[in-house]
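What follows is a group of structures, each given as structure tokens.
The two complexes that follow have subunit A in common; it is paired with subunit B in the first and with subunit C in the second.
Entry: the complex of A and B
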């Protein structure tokens, strides 16, 4: 889960600032109906992702590959079956119109935007820094923060246990078979030990944390102090700048002469 | 002045038929080093939690007492190295403790380094992932976090139960260093490494009552029988077992068995033949066996350091990881055998992972039912195995409700039900108490003498010494075979490879007449200079 990467200025942006800016940006994109603007914005976000995530291109492409699928599936669904007046192709259920084509493309680009943004956030924000910042800037109760961080530690352990269970299933030789009965047996075979172990672990970790004098509702000092810096301002400036440029170029030099895909 | 004290403690777990403690009183003075001994389930760990207020503050269990002294500052080390930390990195975990104590931010790094130094964790970078540490190092980090609380009283709840011998030695050495001026309360079954540190022993019976309370030597001389019965790994327990009638009955070396085995080995064909056999992870060869044969009646112990690739080799033999090279079972290439589980039985380290049914009886019957055996035959075989593995009384229970030792026996019983000629086991005695260990070894020995072959990963050199017929040592990804276990155990300590199992090395260097084995080992480890222990 923790791959080698380069640290960029985006990693040093205050995670709370990043999270809030990210949410606002998310909502703003919902209100863009001009496909030209949206396409330009996509370029900007993809550029940020590839230039400043700090991860090598090959790995980025690997991470991004499912998003291509999202792009194709979300756009084609709308293209093939959406409403419209100017018919291009009609073949059985399939009905592609000019309007549905552009609307589909628009949805595809929106999905791609979200994917690029989300990936950039995930790749440049470590969970520990995020939760420390949420505690310090947004006053998230420590109880939640430390529980989340403890839970993250358990994921790789569960993964290993799952591997062992798969091997055990092969040794016992009997989890093959089809039908609902076999599916239920399989589910039970994997779920019960994994859940039992996880619950036990969670309980033990909670006790261990309290044995280390963890008390949630009390002022505490912090090992990491997450403050603000010029990078936060830069980040917000980049977001606003890319939005403005996308708008300016999209309206001044459009790819398509459509300004509102809603019709 | 007492560091810890409770009078007339009553405690009952919800749903339990009886009180766990009934009017228990106990006082521990400042600076005392106390060991709590007793059979598993007698409430020793629960008592530690009551004495620190973890019960009922963190774990809600109804509890009553007349008087309770909780120490002003205490540190607690738990059993499981994987469930004591909430942060991903070493420094962050210690930082978490310091945050709880409201230590100012700028003092933290220096304090963290200091605590790491005190427990002998010399890491290149304090920002090291906890997952990269060995289990023994994790426990030392747990001790460091306890020390960071600046405790007067240090409570240890079986801190080495889940560690290999090397980790165990590390941890006790660390505790020896840090606990000098503290009150120490220890619950532990493997006591041969710490016994010289303890000055008082409190012995409990199965009902949670104090059976005896006194100085170490007094308890050991007066209550030997109970200590043996409770399955405690006291110093010399192996020696006592080996001289017992039980071992003589199971031991092949007692009579002409070895000769018999040799004769029958010549007469019969090898069960397994390996030639340039490699077990892989991904595309990387983890363990290589250049040439190996496993004959009926063999008990092969696979030994080697943590992460050397012992388990991978075992998984390779079961074809659960990819392998290369030649691998024949009963003369047939392994690839061509449709169902390996007809010939090989496999027992995992954690028994819970291989249980597939809700009832002990069904668990053993499961594989037979799948292969379509007749109901009468299934009943006969299952009842037989239940009897053999002393599980008849538990036949209707859920496998998860069994005790540690019963779970282990059930996992072996359900694995061998098809009467496969070869049994592969991954540390079957790990974390088991002495009684359970000897019980399972005896079962295995009887099974082996019935003509089976056992291939077993273990860290326990006493098993190598008293049960193995051959040793395969995994070293630098290769298997070095010792036809005679004595050659492995007695090989010179300094062969310059740096790959020595530390305890073996010390053990071998100080080998004395067999009567002193247990004690020699404990001294060997504790007297060893720090570097050697950390090797």
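Entry: the complex of A and C
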């Protein structure tokens, strides 16, 4: 994502620190079963996303528009068909209970949290800085990092090839029809040449890199040096702080009279 | 002769890694484009979405079938998940963790056959293993054990069918079609048949 945006302090946080912090946060959220805490945490994460991603609000709203679908689609199965004691509605297979309703809501908010965190990560972390940092801070072998960075550069070429294939199909007037059979033919029509060309190109790039003496097990020097800064500490403090606040407010001034949504 | 063949198969070279990651990124974009398909069929709660779920494991089986080396299935699924995260997936962070866990389970199946089998049955088994990993995630993430019994059963059956049909069968025939283009010869380890061909031209 390379649209124009402001650089905020979140862009300067060390990418490895950010990734590890996010993974710990992910696990911590998995163990929250109190819906009041989770709702507060959602506000905190949405605030971080809108205040410090550095992207204009209108574009953020566009990116965040699938969040609503995610929320609805994550929560409905549990709301309509979950187990529970206090029945609200029963209509054929549909069975909405108080317990399943709040459990569904909880799942929806959890998905919303992950969506906001993931988008914030994507918007504030450039792939190059991320992979340089993974090599320098987490000792990821360079052959993995450089492979990733080279592969990312191939994406625009893949899109170009995709366009060419689409135009070729349109000129010939082929690829019409509906149903699973037509869908399968369409998928094959695009997938085989795209994959074949990508593999050929990747193989040639690897041969070229080795011909240029790319050796991954020797000590390397780096064009970009990614270090730590006070922003890393600030970032971790913000994460812990929002977690503590969400917990404190969620247990002290709850929205609902529920402390554990599990059955 | 067979000694040298054995020796060459070990370890991932730069070519293997680069090709795996390029395949992974292709599928990462497919995953990203697949999400609207997935949640368009989801909101009815009848688990119809589960029938397309198998697409999310396909990077591991396709990459393994093309390169056939240890670690490729895991690397491909992790790479695809990373690509999905970097391009701003709606599912956010959970895709990264899912990718790691599902890749590990698929890899375990190929490892159980000592990376010597790549038939349709083994690939389908790897797909089912990845779906088991996804159920374990869902147990914590979506509390699926609190669903009504019929709904959970429908979900498990639909997702298993999907992982067999898409992750297994579709991936298998996709790579079969790719073999006809000749690209797989570029990246696969040399087999005994190749040496025999040299001996008796």
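In this text, the second predicted complex is superposed on the first by the 249 of 263 C-alpha atoms of A that agree within 3 Å, B and C clash if a C-alpha of one lies under 4 Å from a C-alpha of the other, contacts with A are read in each partner's own complex, and residues count from 1 in each chain.
In the analysis below, a contact is a pair of C-beta atoms (placed from the backbone, for glycine too) under 8 Å apart; a residue touches a chain by one contact, two chains touch by 3 or more.
What you see is a predicted model; the values in this text were computed from it and never measured.
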item	value
Partner chain in contact with A:100 - subunit B first, subunit C second, else both or neither	second
First (subunit B), second (subunit C), both or neither touched by A:246	neither
Which superposed partner A:157 touches (first subunit B, second subunit C, both, neither)	first
Partner chain in contact with A:219 - subunit B first, subunit C second, else both or neither	first
First, second, both or neither for A:185, with subunit B first and subunit C second	first
Subunit B versus subunit C as contact partner of A:46, first or second or both or neither	neither
Comparing the two partners subunit B and subunit C, which touches a greater set of residues in subunit A	C
Subunit B versus subunit C as contact partner of A:134, first or second or both or neither	neither
Which of subunit B and subunit C A:21 touches, first, second, both or neither	neither
Subunit B versus subunit C as contact partner of A:38, first or second or both or neither	neither
Overlap of subunit C and subunit B interfaces on subunit A (superposed complexes)	147, 150, 152, 196, 200-201, 205-207, 209-210, 214
Touch list for subunit C against partner subunit A, complex	13-15, 17-26, 29, 35-36, 39, 42-45, 47, 49, 66, 79, 82, 85-97, 140-143, 145-148, 150-151, 174, 177-178, 181, 183-184, 186-187
Contact footprint of subunit B on subunit A as seen in their complex	2, 128, 146-147, 149-150, 152-153, 156-157, 161, 164-165, 167-175, 185, 189, 193, 196-197, 200-201, 204-215, 219-225
Footprint of subunit C on subunit A - complex, ascending	1, 22-23, 25-26, 30, 63, 66-67, 69-70, 72-74, 76-83, 93, 95, 100, 103, 107, 110-111, 114-119, 121-123, 125, 127, 130, 143-144, 147-148, 150-152, 154-155, 158, 188, 191-192, 194-196, 198-203, 205-207, 209-210, 214, 216, 261-263
Subunit A partner contacts - residues on subunit B that touch it in the complex	49, 52, 54, 57-59, 75-76, 78, 80, 82-89, 91-92, 95-105, 108, 129-131, 145, 149, 315, 318, 320, 339, 341, 346, 348, 350, 352-356, 366-367, 370, 400, 415
